[in-house]
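If you scroll down you'll find the structure; I have some questions about it.
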Amino acid sequence: MTLEKIVSWLNDTLELDKFDDVSNNGIQIARSGSDVRKVAFAVDGSLASVKKAVEADAQLLVVHHGISWGGGMKAITGGTYNVVKAAIDGNLALYAAHLPLDASKKCGNNWEIARKLGLRRVTKAFNYHGNVIGVIGFDSQGRKIGVCSGGAASFAPEAKELGCDEFITGEADWGETIAAENVGMKMTLGGHYETETYGVKALMREMKRELRVNCVFIDR
Amino acid sequence: MTLEKIVSWLNDTLELDKFDDVSNNGIQIARSGSDVRKVAFAVDGSLASVKKAVEADAQLLVVHHGISWGGGMKAITGGTYNVVKAAIDGNLALYAAHLPLDASKKCGNNWEIARKLGLRRVTKAFNYHGNVIGVIGFDSQGRKIGVCSGGAASFAPEAKELGCDEFITGEADWGETIAAENVGMKMTLGGHYETETYGVKALMREMKRELRVNCVFIDR
Amino acid sequence: MTLEKIVSWLNDTLELDKFDDVSNNGIQIARSGSDVRKVAFAVDGSLASVKKAVEADAQLLVVHHGISWGGGMKAITGGTYNVVKAAIDGNLALYAAHLPLDASKKCGNNWEIARKLGLRRVTKAFNYHGNVIGVIGFDSQGRKIGVCSGGAASFAPEAKELGCDEFITGEADWGETIAAENVGMKMTLGGHYETETYGVKALMREMKRELRVNCVFIDR
Amino acid sequence: MTLEKIVSWLNDTLELDKFDDVSNNGIQIARSGSDVRKVAFAVDGSLASVKKAVEADAQLLVVHHGISWGGGMKAITGGTYNVVKAAIDGNLALYAAHLPLDASKKCGNNWEIARKLGLRRVTKAFNYHGNVIGVIGFDSQGRKIGVCSGGAASFAPEAKELGCDEFITGEADWGETIAAENVGMKMTLGGHYETETYGVKALMREMKRELRVNCVFIDR
Amino acid sequence: MTLEKIVSWLNDTLELDKFDDVSNNGIQIARSGSDVRKVAFAVDGSLASVKKAVEADAQLLVVHHGISWGGGMKAITGGTYNVVKAAIDGNLALYAAHLPLDASKKCGNNWEIARKLGLRRVTKAFNYHGNVIGVIGFDSQGRKIGVCSGGAASFAPEAKELGCDEFITGEADWGETIAAENVGMKMTLGGHYETETYGVKALMREMKRELRVNCVFIDR
Amino acid sequence: MTLEKIVSWLNDTLELDKFDDVSNNGIQIARSGSDVRKVAFAVDGSLASVKKAVEADAQLLVVHHGISWGGGMKAITGGTYNVVKAAIDGNLALYAAHLPLDASKKCGNNWEIARKLGLRRVTKAFNYHGNVIGVIGFDSQGRKIGVCSGGAASFAPEAKELGCDEFITGEADWGETIAAENVGMKMTLGGHYETETYGVKALMREMKRELRVNCVFIDR
């Protein structure tokens, strides 16, 4: 299958053009030649992930955290050089989808987590720079639960205002911890990495089902 | 002693006007009346710290993390309301010093940590938006150690370039963890709160010594 | 009646979310406890207004000019401290609506002034950063009159281009006075305060009628 | 005398390159031919001033308020067209100096006002975007007086903090009036135009004395 | 015919309000009196064009490149003075339309060029800051041709991605030349001036047809 | 010789830290291993230059125009991919110096051109965003000549104001051509590429002399 076709499917499935993201979503490293026989999936576009994807004989690595953010890469040095060199040496393309993979109802982190937790009456919530990425739902005891994967602890005060009994995210830095305490919001931290495996795995599941392409998940 | 005199001493000692900080350093909450009989010190200007400072009969609370950042406080609601109400009800002034209390050679977090660790040949390093806030020194085995308190893990790649064998900071978020791994930088995390008690305590020690005013440290 | 219900009515009536305002509209100071028995209305969220509202036994003060603009309040000191302290001491919440209270057809300053003047064929005019806030209409002699309350004299040249015979606003600074002279636009200054009592009073009238809550106007 | 020589004298005397001003100081409208026989001075570069300067047979008009501010003139239409056309028809050059003519110790508005009031121990004060433009001094009764000409009422709270008994400026808009009231600062308004005639006249006096060129003051 | 009517026709025909342009489109220099008997058209609002338009007895000059860009004109000096003086002396108004005159399907540069080249299945392409200004079509041999008049060579890499066999623009600077080489995009340069005569002439043709006003094209 | 030593010499010689440049100067692509036996020099960091440098057995390519500008590279795709892949495949590091290589008195484009032309009384001129990069001097007939290599035609009006008889640069786009005409400035265009070979060759000459390292110039 061609890289162009897979990228087009990813862009459409994740509705990439609807998000205003600090991640430069889409293809971040090209490759030579168009034919893709296996697609690897990982949370991070790290040196370790790229090496494992090459070893797994993949031609494309799809990640939640890529290597190009904001204005872009000032230089291909240090860690960026290590990742780029490993990808180019292995002729591996890198595709990143950040907020779209948090927010997607079909296969985003937060809807997936809500499904795993068996939440009911789930609705979208938590607006990050114009992009509503998280969810709110009710557990079996009727408690209102806010969910926003990864490093989203800055939403804890908003969860409080929305009347949540609990707010689930991946990690919180010290300032966010204090801010949640100041408003008395109970916050559960599931790990930045762990809470963001859900979207990546769901996206892999959908690609396999719809494109019938070989896929492999690269764990940490 | 007057509040004005104490604030003037703090501004001079910490060289507040030399820093371009995202924290709005200085007095962040005023009080009625000028007389200060006891000064409380804490890492955070949290609801808990303010309440304990009032209970300890302090008229001024000096913190590393205040309540006003960047453009300022859009509204006095939620956690901000809780902190401001507790301070005004207790007639407690709040003074914040962020980067100046990281960087000060006399009583900043990083020089204090270097002294506790017995580092030698200590020099300034790690430039944060024009402010050099951390230090580099050598331990008893001659290993090069970078130190930057709090949430400074984004300096890990720079520590690598500077040839450090180890980089000590408070906490690292997931992206910073991956970035450090990608360049192979060994990073030691001492806790955001813990690494930033050093400067606050040193500042209290100096104030006691120089101004002979009653002081109390508010632990978490 | 709960504060939440009143705030929700204000937000809907004034269409707060349709305005891109330099004022941080909405609740600017919270209070403890939700029950509101009386609502005070004033043009300015000044120390004097807050004190009078507390004396009048109000739990909420609704104003045209609040205390939080642009990025927000850098510090709660000086005049901001005086206002915030008076509000917190009196357990009074503060709600501000700036451009929405200029523009509202139902109860905004400019439509109210047009009604008082008996203008006919009134239409919206004068675009302030994407928000059309003023009006244009015709008086009994068929003269075209532009109206924009408060400090809107910078619209005088636009009023000239639109063919107005007279432009009514509250106050003009020196540069605006010269600019109006340079294009030969007749400008009538009704006072910043005076022209903005119309909206506040109309909003009070509507709230009384629709929510049947106790209200009081705080004059200067 | 050549226009270049006069402009050079103005730039040096007013230290134009030391100011970061929202006014685009210097020559704002050129003229054809270099010879200048008479220089007119006015507070405003208005249509009226330009016409009077041409009638007075001047080749250059020096003003405190020019026609180009910030990014510049988007179009030469309306009042800008009227001023530019009058200047070009009369072959009159326009030179503007805004903050430099507030701040100059030799001939700025504020030092001149301080001299007229007989203030003693006069020092610079009131920092406007990095430019210290006003003064503080003591009157014959020992009262501390802040002075900042024109529309500088937003400095009233700073004057309060500096311990002034009175703050003199030209005009105050409504928000500035309330802000001064909130901190209890007595403010005296001498008129925007009137307080800014002092610098223009002093500059004319110095030019006459040093360059021996014909000068005329254009009053309003 | 009145200037207002012609300007209104230009604004509507070119859909001026749909473009976010670095050129300050619309009337850039006004004139005295409203009656327009002849309209001149030129690519550039240069001194030469203005002089020729005045000689041709025009009251309005319509150009693709005006004199006011971005924030506007800081001063009316140098070349700007020369153009403005010539226009005011000749009582000639200047109207500029930049991106709207590249993009217009009815009379823009790029659709006109496509018509001259006989391209088929022409569609819009090449997004400049939110404005789609160029076209793509197929020539008689079925080759895909991208067209973007003037200085649009920075679109060459995008033309490559879109699968163009050839990209036609006016001029390319050195960096753009290298960028096109790096992706192997064949680029044809027709001259900045030459490729932008098409839109100006087409606009003149339409104005003549619809408004029945006297028109003249000012060539370089 | 180590890459670190050469980079350090380049940074010092060109005074890299004194320039505020839109080019991200310094190492833009790293390499594996530190040993450098040959250094290639070219005007452009193009695909062609990189390939020729690898063929010439260089480990480092020093250029005037690199691949990272402004915020950086959003993605390593298209032409950027081609250049990066060629460099990584050939294990070639890329170093860029833009404005510093225009401005250097020792080996910058403009001082070199002045020396080739035999200009006398040469001084610095032409301020680009705070960096003075060009020169002005006098030829054998006493004519005043401004020089600014590459795409610096926007300085032509400033050259006019400075009294130049001729202004030499590399290339001019259409708008710059018109602007120079409007002020009557004679402009000589020597080619963007050609005028910028001077600095690159001079830098190579100095490196050979001072570091005694093998060097090669890569012509276009």
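Chains: A, B, C, D, E and F, in written order; residue numbering restarts at 1 for each.
Keep in mind that, in the parts below, a residue touches a chain if its C-beta (ideal position, glycine included) is under 8 Å from a C-beta of that chain, and two chains touch if they have at least 3 such contacts.
Computed from a predicted model, the values in this text were never measured in an experiment.
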item: Both-way neighbours, i.e. chains that touch subunit D and touch subunit C; value: none
item: Any chain in contact with subunit E as well as subunit F; value: none
item: Rotation angle superposing subunit D onto its copy subunit F by C-alpha atoms, nearest 5 degrees; value: 120
item: Furthest chain, CA centroid comparison against subunit D; value: A
item: Longest centre-to-centre distance from subunit C, chain (CA-based); value: F
item: Interface numbering overlap (same over half, different under half) for subunit A and subunit B; value: same
item: Separation of subunit D from subunit E, taking each centre as the mean of its C-alpha atoms, in whole Å; value: 42
item: Between subunit A and subunit C, centroid-to-centroid distance (C-alpha), Å; value: 44
item: For subunit D, residues contacting two or more additional chains; value: 78
item: Touch-based graph of the chains, sorted into line, ring, star, complete or other; value: ring
item: Ordered ring members, subunit A first, subunit F second; value: A, F, E, D, C, B
item: Complex interface listing, subunit F residues touching subunit E; value: 44, 46-48, 65, 78-80, 82-83, 150-151, 157, 160-161, 170-171, 173-175, 178-179, 181-183, 192-193
item: Contact set on subunit F toward subunit A in their complex; value: 24, 26-30, 32, 68, 70-78, 81, 84-85, 88-89
